[in-house]
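Common to both upcoming complexes is chain A, partnered first by chain B, then by chain C.
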Partner chain A sequence: MMQTADVFGADSVIFDLEDSVHINEKASARNLIKDYLLGHPVLPSKVILRVNAPDTADYSFDLQLLDTLKIDGIMLPKASEKSTKALAEMLKRKEESLGRQFDIIPIIELASSFLELKNIASVKGVTGLLLGGEDFCSDMEIKRTREGKELWFPRAELAIVSRALGIDAIDTPFADVNDDEGLTQDALMASSLGMTAKAAIHPRQIPLIHAVFSPSNDQILWAKNVLDAEKKASKNGLGVFSLDGKMIDQPIIKRARTIMQKAQRYEVGVPENEE
Partner chain B sequence: MKNSLNREIPDGLKPFQSSSDFRHQERRLIPEKSPVDQSLFYPSLEAAFLAMDIKPGMTLSFHHHLRSGDQVINQVGELISKYDIKGLTLAPSSIFPEYRLSDLIIRQNITQIVTSYLNGPVADTIAKGHLAGELIMQTHGGRARAIESGELAIDVAFLACPVVDKSGNGSGAYGKSACGTLGYACSDWRYAKKVILVSDTLVDKLDSYQLDHSHVDGVVMVDSIGDPAGIVAGTTKITRDPIGLKIAEDTATLLTELGVIRNGFSMQTGAGGTSLAVADAVKKVMLKNQVKGKFASGGITGYYVDMLNQGLFEHLYDVQCFDLEAVESYHKNKNHIGISASEYGNPFENKSAVDRLDFVILGATEIDLDFNVNVTTDAFGKIIGGSGGHADTAHGAKITIITSTLTKARIPIIREKVRTITTPGSDVDILVTERGIAINPLRTDLLEKLSHSRLKIMTIRELLDLTYAIAGKPKEIPSGKKRIGYLEYRDGSVIDSLYDSPLY
Partner chain C sequence: MKTGVAGTKESNDALISVFESDMLEIEIQSIVDLMYHDQIEKVIRETLKEEHIQNIRVVCVDKGALDYTIRARLITALKRMKSDD
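Take a look at the complex of A and B:
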């Protein structure tokens, strides 16, 4: 599976050393990841390492994998303001010695993390927040459901904070890999609340997640037409103009720009107008 | 002598020119077998065998609808051995690992084999150089053409037939060894000098049948013609392998972008897990866009039966049933139509099924930089299959797509040159792999349509270089020295030669 990690079109791939690795297999897992990162000629576009919690003995060993220079970011479980700042300090030293920067993606999965959310998200180097739905529900002693109503508030708060600070709001994975409809509904719910990405736990979930979070051809075409019309209007000194009978003002132009930026980011081609 | 693909072929044989060269040729038809007044019922297979007066040099044919479960070819083989008849040509439409023919080859009872597909012990025996004469490999459509033209003259056809009636009519639709359509047997039945039906189910009268008694010289009832477990597979499942699913999804996206999944379209895929995943992905597009197809063809599985029953296709054109659902559907659904191998893929057939295909999804053991495909030999020169309908559908379909992982057991499937050319690259349009899609540069129309695709379109050379970066460049394994046979293209020209395997 590791050898084909690059093929499924994920925007980044998370290599997990935490919950999916038995405590007796941590060292073997690190060796496996190290060999893969140093030996495989084709790696995912972005490599993220989910390390063990800072209060475990494995944490510092996990971070030694940064020396491979193949890791783009660290995903920090059960993040708090203190642990995120400590990681940022440590990474700063690494960045100085290795000459490259690392992303920090704290996992927000404890009720206490929400009390510190803004501070966690503001730590230098944090490029996104991941909602850990299962652990959050466990901490809250509430049931995780297919519909996900229990995650409305944490999703919305995480999305608002992330948006305000200009970082990614990454939604929790959907656990049932055979429930395509459930995944799509879950992703749509997250997207509607402002989440900008979603973690997958199986390759087959990736296209379904992309279908929700990537701009569609129709959206891109609309955005392109708006921006083309804006150029013409600007030449004529118009701040507000109409396109296909609808008034176009600054908020709509901003939305069109965001769509085009996303299209560029997700390497989505710009479709041609149908004649 | 070399053919147009620069392949060395035996002197005196017709070299392959191009896949459309048959259009400049006349269809040749020998007279059909004269009608027989009455089919004789023989008390045993041995009695029928002796009555056929089989002599050295004769050609005996079989079909492979009973696949791994076939006992008829083995029972006839035992009689050949018992009466020690030498120098026979055997012309089964395919050869499975369970067919016990190796000793007959080694003892030179069988000295020439003409078939469309083989693997297992018989293939290995031939690859070791034990066949005194040559192995001639044809396509399914090419076999029908060779029989009707008299190039493959059959003296006696022993045709396993799951049910016969007292007049000598035969069908595969039911009976304890039901296999569905008998499409591969039709040419043998029509043109063989003598036809013997071998069955284990007798009824008074069949209302419908594929093999009319008028061409049946004899009927033999035996205890069993086949092991049902080997005749049809259980329900064939869609792959759950994420790589296979990605390839399938990308293929469906590609077909959508090409605009071929539209009302009235026709398609064919194989019966393997990834092929069915492509069919499943296409089905989702059809349901989403409310598309109804004209037909699906080829070897039919329960998956296609479900699509027919859901109204997604008007018809299934079935040359071979792969599972019990397909057998049942063929028996009961009038829109599930059995066709002969000739109607399926004979290049000279007017409006054959393959010529009406909008697209076909095929596999490959190797594909080279010119898009030539090998499904006949593996990297070590072992015979592991054959064209079957590969070259037929690749030529007929408007778009031919190969789906494959970049490596199989760490061996790259893209090669500078394939070891054996089964299907010429001029008929292969697209290669879909897990890491990218290559379009044959000859298909500028497809390249143009996909110029704004979201899919990862690469050249086949780029895909090869990527494969080398991942798996390394494999050491070349030279061909064997001794020629053991050759591959006939659909029109009877020789597309490549077969050599003994350096493994042995």
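Take a look at the complex of A and C:
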């Protein structure tokens, strides 16, 4: 999998040293990632490292991989305000010595993390929050279901806080790699609540996730028409104008801009106007 | 006898075993042996040189691993052999 990590079109690739690595294989996994980062000719566009929890002996060894200068961000498990601030402090020192910046993506997977959500998300360097659905359900002693109703509230809260602070709201992965319909429904629900991205656990999930989170042709066409109309209105000194009989004001213009930015990010072209 | 093992027999990986020895022996079993035997041996020899090891027995069961994987697995196997003291 590692050898082909760069070819599937993921926005970023997370190298996991935590739950997917047996405790006796942690050092071996670190060696493998280190040699991959330093020796593989092409790396994914963004490399994120999911480290072990701060209260483990492996945590500090994991962070030594930052010295490869090939890691763009750290994903912090079981994040709390205290552990996120401690990581940010450590990364600040690293940034000064290595001359580059690192993203922090706290994993929100404990009930207690939700009590501190705003403070965790406000720590300098945090660029996104990842909902850890499995551990959250485990902590809550509730069952994780295919429909995901149990994640409605955590998704909504995480999305609202992330939106307010201008960072990514990354949805929990969908565990069944053979259930395309289940994944699509799960991603649609997350998207409808304001999540802006979703983690995948298998490359075959990536196109389905992109299909949900990238803007549709209709949305792009609408956004283009709004922005074109705004240009014309601006020339005529109008702040508010109408398009197809509907009033267009600043929140709608902002939404149109966001859609075009997303289209650019997902490299979706502007469709032909059918008029 | 001191030994160390690292890696897996999964696709794109290699299972590397090292054994204490009074001479250098390198045994390679690879699914791409015909094309890459020499390259795999070169990576093993270079890594042993970097680790200042002259005499050892290395058994590499390769399942299509790239150079960095063989190197990482060998280094881990060597560390495990050392910690086997």
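The working rule: the second predicted complex is superposed on the first by the 270 of 275 C-alpha atoms of A that agree within 3 Å, B and C clash if a C-alpha of one lies under 4 Å from a C-alpha of the other, contacts with A are read in each partner's own complex, and residues count from 1 in each chain.
Assume a contact is a pair of C-beta atoms (placed from the backbone, for glycine too) under 8 Å apart; a residue touches a chain by one contact, two chains touch by 3 or more.
Since we're looking at a predicted model, the values are computed, not measured.
When the two complexes are overlaid on their common chain A, residue A:R204 makes contact with chain B while staying clear of chain C. Look at A:H40: by the touch rule set out above, it reaches both chain B and chain C. Judged by the touch definition given at the top, the superposed model places A:N31 against chain C, while chain B stays out of reach. In the superposition on chain A, A:V7 contacts chain B only, with no contact to chain C. Taking chain A as the reference, the larger set of touched residues comes from B, when chain B and chain C are compared. Legend: residue contacts after superposition of the two complexes on their common chain; A:R146 is shown touching neither chain B nor chain C. Chain A residues in contact with chain B (one complex) as well as with chain C (other complex) are 1, 3, 40.
Residue ranges of chain A in contact with chain B, taken from their complex: 1, 3-4, 6-8, 40-42, 202-204, 207, 268-272.
Only residues 6-7, 12, 66-69, 71-73, 75-76, 79 of chain C touch chain A when the two sit together in their complex. Taken in their complex, chain B has these residues touching chain A: 242-243, 245-246, 249, 434-435, 452-454, 466, 469-470.
Touching chain C in their complex are the following residues of chain A: 1-3, 27-28, 31-32, 34-36, 38-40.
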